[in-house]
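Two complexes come next, and they have one chain in common, subunit A, joined by subunit B in the first and subunit C in the second.
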Partner chain A sequence: MMFFALSKQAGQIAVTNADVQEKFPGLVQEITSNLGAFLPELILAVGVMWVIMADLFTRRERSRRMGFHAFAFVAVALVSVICHGFSGDQELFRGMIVDDGFGAFFKVLLLVGTLICIPMVMMTRSFDGRRMGEFYGLLLGSVLGMFLMVTAKNMIMFFLGIEFASYTSYLLTGYLKGDRRGAEGALKYVIYGSVASGAMAYGLSLLYGLTGSLDMADVAQGLIVSRTTDVTVLIAGLLCFAGFGYKIAAFPMHFWSPDVYEGAPIPFTAFLSVISKAAGFAVLLRFAEGMVGTGNWELTLSNGDVVGVDWPLVVGVISALTMTVGNFAALFQRNLKRLLAYSSIAHAGYLLMGIAALAPGAENAIPGWQAILFYLVAYLFMNLGAFLVVSIIAEKTGRETLDAYRGLGSRSALLSVALGIFLISLIGLPPTGGFTGKVQLIKAVVDDGQIWLALVAVVNTVVSVYYYARIIRLMFLEESDDTSKVPLSAPVSAFVVLMIVPVLWLGVFFGSTVDFIRDLTLTLG
Partner chain B sequence: MGTEAYLIVASLLFLIGASGFLLRRNLLVMFMSIELMLNGAALLFVTFARHWNRMDGQIFVFFIIALAAAEAAVGLSILIAIFRLKHRVNADELSELKG
Partner chain C sequence: MLFQYAHALIGFLFGMLFVALQVFLLVRLLAPRVKEPMKDSTYECGEPPVGDAWVRFDMRFYTMALIFIIFEVEAVFLFPWATVYNDLIAGLRAAGTGNVLFPFIEVFVFILVLGVGLIYVWKKGDMDWVKAMRGQPKQSWPPTEGSTGERDVEKDVA
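Up next is the complex of A and B:
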């Protein structure tokens, strides 16, 4: 009897196998034909395994050389993204991810940022004597997760990408295990991050329930049909926003970021404040663009009534609160890392203005997403540049507080001028990329008719002048007891100069970048 | 039993998790509360998958379970690291970073 049952079971399995074999070749062919467009991700995946394995065969004191390996993999991935081009417009792996110009743009942004962060890690002495293979493995893994985030079309892929990028970030924050501040930052990060992802999973499940699909385009489409349940749509949207908002550090999901930024090693703080934030904006944009594309973002009747949830207003209010909270908290900071954390919250607020103005009514208006992409390029260089100077000063003096910058103008002309330029760009004054970027964002909301939001942004910019300019004044107008020169090696000086060039370039010759962004393809989510 | 009953249970699970996270200060209990929130989301996915007669919601649940396990591994390893330094597992005593 037993034997009979078993053989019957085996027979059933054989039938299923035959069934699978019938459909299998087509599926395999489909997957392999898509692998070409997936090459950058594959390179990063090999890179993750390579740096961890190669580190096992390296003596501990030579472990920091793994940085060169990681750098090489990121550079090769960058080349493969650029060779693939920005004109792709197709779905891969049965609609799991898309290959489009928007995604390629963000991949380049993430990889360039990582290429800047890796030398910063190699310059940091607190990593000396530690195994670095795991650090770079986790770093490349984080970038791989963000790649999946920025190209995700299906909500499963998108949730997995966000979580992949987050878990690696938690570990990297606490990488210096004996460091109390690092461990505390990592714990706060993992707790707030987990609760945000729990809320997001719940929000996604509500969206799935409302629309019956996990594909973002279908979700956006389905929401119109279920417009009667506005409260549920609003709750689902806000719960999802908890997930995105925590990635970009937007109010009210911002409170983790000052502690995490202060506790994490400086190069990784730089990584979090720019690269992680850019990836968060990519998913938020793709999600929102899907709703714009189907007319579910802002549906105004001819008599002026708004039907459904007024998303531009919701995002506009979050944007205004985020920049205000960030700027006012930054006024009172003594630790420069913490100050830059609050400043990066404020910048998330400025960037959210672009999302509030996603569907401009006026002719010839800059669509919000293009303004965001331009600002992210400028923000990448100015914020990483500021963190580079902070990291160099922390290495030379061992301090991160503002006192370390007193009289820096006479101690190192290059570092003080560089930091001055980055801060002027962060304020948003010409002739820097921060100015041209902010003008585009403000123009986008003005064209969209949300004048109040533009006014809040201008007032916030004026407030932010106070704390940024205080650092510039400390550097150039105050005397320090310590007047010894800060020694800089030639490669480090070149690195700093290399960061200044794009900030000024984007401020003066911004036309080519604006045109480039305008021509990007965006496969609607 | 209709879909509504499952929706109520899932919402309750999520709310118990969320309130546990907000009210309790023991870090281990906070992690457990987060797991409850994720379970609420998972139950909702299964319910809706059944409701719409689709498979992708069920697949999402597998990933949620796997991710919850990974999250517990990462979270507990960080928790152990901090316990070694401070010998405390209370959220209110994590106060070195402030401002």
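Up next is the complex of A and C:
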């Protein structure tokens, strides 16, 4: 940090020894005073090193205990984020990252999700006999990268954060060496990811070329003030969207996700489908607030034609395509992991509605980004819950296909009722968090005057009922040859119940969460 | 607006054309051609090539490259730090604010992080060229009598 800041100044004037002596003390004060707000990231960074180091000096059989260490570090980081509060409003490290309520909210979301995923990893038997220190080290590293993503203000930081989170994800997808589907998924993930990052880097470089600044606020301001009349802006915006769209698995960039989700270990699939996606939405929101939030752009082409680029419409079309593709592909899936992969593509589509309605059209309307935040909270619990049940069933029966769920109602009441609740929430029916979340998203779109998008979302919801309800029907209305009870230990049962509570809570007592989100500030990234 | 760059494009195209003409046409017209079997050999100077260019390359060199990066990154960042170190200290002394040891501590943290990487490769056994297979005694280097120092391939497979 120190050298980067110094070399930044070196671009303006030649640095002499006297300059160093004069400017360095101020820099030191700036950096040290910023470290307090950077504490959660530091805790995670120490956690990454600790878990990897401690594992080296642990016997192989005890390696799975590293999960407790990782859990402790994530929990401490969570406490430090909450203690820091949600009212921060400052730039850190010379505008590299920001400390604001929006970022803190996402940090809590990421950490809570990780806290749910770590016990799932520890329950997974396919990891037995493997060294787990590196897994948890990479997992914490991934969360650290996402922290930098959700708080980034500088475009370089955006890119580094996304790359950091991506590279660790590639490694974790293929963590089970020798597993063919895992290797296939990891390879596809790397290839798609590299292309998407390359496109995004090109888009960001175009924005830098147009405005001469790497700072997102400056870029957005430069583009808004000058109303830069060049097709380049459109191209740059779309190229950047390729990178973000890949992170959230939106329509033209979604091809990697079913294979990766199927190949990765189940707990990590859960992590990817919720936490990675949430971080992607955070970056996209910050970016869109600058690019899209200002509404329509009038572009003048070189031949003098004035072309208005209706960004909300562009995002709206991508959103409609994403949810439709996700839902229709999910209809024919037999493997539950793959089904949930397509369903999570569909949910990315629902969430994109909020970005299409980013700027509130009416008085007192919910801005789209607040609806997204609420939906992400609900989605976190319902999707992780669904993956938890899938993971438990896969552990007990060794199968991930739909057949494993036949007659589950009589074999384990808790698991089947829990999965039923999570699926009802994923459909978006009351009294669950999925319902209240989806209502807010649709309301945001309707308030913005994009009725057609709301209609597409409702039709898609009806389509999605088919494949979600089929699982519920299999569990409760059909009988299985195997009627033995599924044994559940007390901690696992408690874990499942603990996941049901927030889903129902968000469906009934959603007011406090909505109010909390309303008070957050979104500093223009 | 884009057309103001047209002359650059035209210049570029003509440049390409010119180079292509020179390379293919001019050389064909002017250069003498003598057919001789020696001309087809790899090195025209008369050195006979030995073996195939597609040799097997030891996989372990990639670990070496990774370890090299640890030290290289360290050197790359330590040099600029070392050149301004005295000025950093002098500046902090003069300002009277903050800890005078800050430049030292920051670099210490940096080296510590790299040190973690070093401990990792060391403990994983990647510093030994002759690696012990799991469940086999470690071999020494240079090889003792009766051993070639190479790994016994058949034993590894079994």
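Structure notes:
Convention: the second predicted complex is superposed on the first by the 483 of 525 C-alpha atoms of A that agree within 3 Å, B and C clash if a C-alpha of one lies under 4 Å from a C-alpha of the other, contacts with A are read in each partner's own complex, and residues count from 1 in each chain.
Everything below uses one rule, namely that a residue touches a chain if its C-beta (ideal position, glycine included) is under 8 Å from a C-beta of that chain, and two chains touch if they have at least 3 such contacts.
Note that this is a predicted model, so its numbers are computed, not measured.
Look at A:F328: by the touch rule set out above, it reaches neither subunit B nor subunit C. In the superposed model, A:G174 makes contact with subunit B only, not with subunit C. Look at A:E163: by the touch rule set out above, it reaches subunit B but stays clear of subunit C. Contacts of A:M49 after superposition: subunit C is touched, whereas subunit B is not reached. When the shared chain is aligned, subunit C comes close enough to touch A:P25, but subunit B does not.
In the superposition on chain A, contact is made by A:L204 with subunit B only, not with subunit C. Once the two structures are superposed, subunit B and subunit C can be ranked by residues of subunit A touched, with B on top. Residue overlap on subunit A between the subunit B contacts of one complex and the subunit C contacts of the other is empty.
For subunit C in complex with subunit A, the residues that touch the partner chain are 1-2, 77, 80-81, 84, 87-88, 90-92, 94-95, 97-99, 102-103, 106, 113, 116, 119-120, 123-124. Interface of subunit A with subunit B (complex): residues 155-156, 159-160, 163, 167, 170-171, 174, 177-178, 180-181, 183-188, 190-191, 194-195, 197-199, 201-202, 204-206, 208-209, 212-214, 258-259, 262-263, 329, 332-333, 335, 338. Put simply, subunit A touches subunit C in their complex at residues 2-3, 17, 20-26, 28-29, 32, 49, 52-53, 56-57, 302. The touching residues of subunit B, counted against subunit A in their complex, run 10, 14, 17-18, 21, 27, 30-31, 34, 37-38, 40-42, 44-45, 47-49, 51-52, 54, 56-57, 59-60, 63-64, 67, 70-71, 74-75, 77-79, 81-82, 85-86, 91, 94, 96-99.
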